[in-house]
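So that you can tell them apart, the chains are marked A, B and C in the order they are listed, and the count of residues begins at 1 in each.
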Amino acid sequence: MTWCEAPGYWLGHEVLQNYGCRIASGLLVTIELVALSTTLGCAIALCIALIRLKGPAWARGAMAAYTTFFRGTPLLCQLFLIYYGLGSFRPFWQSVDLWWFFREPFYCALLAFTINTAAYQAEIFRGAIASLPRGQIEAAKALGLSRFQLLRLVVMPQALIVALRPLGNELITTIKVSAIASLVTLFDLMGATKLAFARSFDLSIYLYAAAIYLALVEIIRRVLALIEAHLTRHSATDNPHARAL
Amino acid sequence: MDYYLSLISFGPHGWGRPFLEGAFVTLSLAVATLPFGLTLGLAIALMQRSHRRFARGFATVYTTVFRGAPELLTLYIIYFGLSLGVQSALKSLGFSTQFDMPPFLAGMIALGLVLAAFSSEVWVGALNAIPRGQREAAAALGLHRAQAFRLIVFPQIMRIALPGLGNNWMVLLKETSLVSVITLPDIMFYAMRANVVTKEPFLMFGVASLIYLAFSIISAVGFGVLEARSNRGHAMHGAAR
Amino acid sequence: MRTFFRLAVIATGVAVGAIGAHAQQKEWKEIRIGTEGAYPPFNNLNARKELEGFEIDYMNALCDKMKVKCTWVVQDWDGIIPALLAGKYDVIVAGMNATDERKKRVDFTTVYTRTPIAVIAAKSVASADFSPAALKGKAIGTQGSTIHANYLEKYYKDSTIRLYPTQEEANLDLENGRLDYVVADKMSLDDFLNNKGKDCCKEVGLIERDPAIHGPGTAMAVRKEDTALRDMISKAIEESLKDGSFEKVRVKWFKFAIM
């Protein structure tokens, strides 16, 4: 018996024992996909948000179109078009030496997830930065801060307070929608659970998956609460958490 | 080209009509869920920031459970579990009427509970950004707590929360596709059916995407108007200058 | 979290337990039938939103034979079993294979189809050998929730097995060249080879059914308590196989035997 069959064995749950290893490797796929796409997406999102606030008019328009398009269409369709649609131009990708990328389900899923979450995160950053009073920026400029210093020392610490919880939402949403990766033969936690259910018809398998999802969300919530306490440590808001910590 | 057009036309072999009906299901479910989910979300957010331990604990458990649990499971419990629960409750009260949970209602409740959990986080984030002084000033002016919230706090958090709520709305629009597991035929339900019959997945997923895109462009315009409105009179840094 | 877990277990318990309420051994005058409506040519929804396919015609013929009134419900695959257990309909007719694993949760009627299983590949594949040794290191695709997936995972351990949500995606990946072989029901593969796959792909051979994995064939699923319903339908299926009413529907949809 391997370690991933052990929980099912201890609980005396035959289906969980049979599919324990699939579910464990599904969890790993979920974590890999989400960690990579969220990090890459975050960097892209910051650029998009800054362009939307400060860039030239044409770039602003282009970025607005980007966020509307990728938030507005189903991720399922986006992934389908990238993997099966772009994948059907194999000779072209081979001629530009990119077939290794489009051949692999994982890279295609990562690409789709990254551009999708970047669109959502960009909207969060844009809103958070735009919510800052203009006086803050004027004061920082008067103090002679460079643009980068302004961003790092004045804008971001305050914008993050507003952005943090929506970013947490986006992270959790990405964890959930990673189930869509099973469209391209990549079985995440939900994909593995659904497969176990489709073969065994045992509904209780969903409860064990739910327990894992709840544990993930609880971890994220606690980490974000710590970050939030750190970010709001100087500000006199009437946030009971900030005071408690 | 004519062949492709005939596949999505409103003719006898075209999938235009099913798509249109699916679009109606998607839109009406999302629109019906929104007010319920956002109001409940605001209530949860206020509990989250309450000084009572119990309220805070409840709000924390609520957001963790409904953000964490797979939506499919939530939907099953509401649709299958709740209808059986109501039925046995009716039976114990002496009524022998058959209660069948309407799928639309079940979808609305399940998606609304989930939306409440996600939107409460956005509301809390916005509430956190309001300095305490604001509320102290309102109290000093002799406003009730309810008045202070309605006149001072709410207009300000609305402004900050809008982009986050916009994301919630976009997610909700597409999450409605889950209800096809409880026999509500939405856009994606018909896209999949059309896809297996016509073997034209790119066309059918393309049409589905365009319908969703149309909805979100309309919503983006709507949110833009709301943002401009809630920003009026506010000197800010950024696009709305 | 523990509270939630307990609540969820109770809710599922209520859902499963209350099924007893449906279990009265009544006489069946009306049957509600659940189907997926996404599996041509067995059952699918057409553009006019009507159900069509072999299983639809066949079940309607059985309903006439049993003199019961039948109504159809179109239900996505994910929720097809929960809805049966919760009593939203009484029987599932959706190309469902009666595997031992599934028999623990639902009861199956007599088998009504046993489809040939085919292997297809790119036209350039010269060898007709598709034994596990010959396919070592090759990528083989099939639909995830089917018996073919169970079969491949058991015998083709040295090949890369890719599982797709529907057959269409597996076929697309064979065309793309991401897959070397695709395994599925012969009828759905024939449909592909006669249309979109005409230029790219060909049939390599047929897989012999392994009863231990493939099970006895396709059957209808009912709740475990509804033994009377199960027996009634099983009897009608057996009769239809003898009196030619099965064949009458079969020739309308398939060119070869499916039983």
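As a convention for this text, a contact is a pair of C-beta atoms (placed from the backbone, for glycine too) under 8 Å apart; a residue touches a chain by one contact, two chains touch by 3 or more.
Owing to the predicted nature of the structure, the values given are computational and were not obtained by experimental measurement.
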With chains as vertices joined when they touch, what's the shape: line, ring, star, complete or other?
complete
Relative to subunit A, which chain has the most distant C-alpha mean position?
C
If I count C-beta pairs in contact for every pair of chains, which pair wins?
A-B
In whole angstrom, how far does the Cα centroid of subunit A sit from the Cα centroid of subunit C?
35
Cα centre of subunit A to Cα centre of subunit B, whole Å, reads 19
Can you list the residues of subunit B that touch 2 or more other chains?
64-65, 69, 72-73, 76, 201
Got the subunit C residues that touch at least 2 other chains?
1, 4, 8, 12, 15, 78, 82, 85, 172
Hey, what residues on subunit A touch two or more of the other chains?
84, 203, 207, 210, 214, 218
Taking the touch rule as given, give the residues of subunit C at its contact with subunit B in the complex, in rising order.
1, 3-4, 8, 11-12, 14-15, 18, 21, 37-40, 44-49, 73-76, 78-79, 82-83, 85-86, 88, 166, 168, 172, 192, 195-196
Provide the residue numbers of subunit B that touch subunit C in the complex, in ascending order.
12-15, 17-18, 61, 64-65, 69, 72-73, 76-77, 79-81, 83-85, 87-88, 180-183, 185, 189, 192-197, 199, 201
Where on subunit C does subunit A make contact in their complex?
1, 4-5, 8-9, 12, 15-16, 77-78, 81-82, 85, 99, 101-102, 104-106, 141, 144-145, 150, 162-165, 169, 172-173, 175-178
Counting only contacts in the complex, subunit A reaches subunit C at residues 84, 87-88, 90, 103, 105, 182-185, 187, 194-195, 197-204, 207, 210-211, 214-215, 218
How about subunit B: which of its residues touch subunit A in the complex?
49-51, 56, 60, 63-65, 67-73, 76, 118, 121-122, 124-133, 135, 159-160, 162-164, 166-168, 170-171, 174, 177, 188, 201-202, 205-206, 208-209, 212-213, 215-217, 220, 234-241
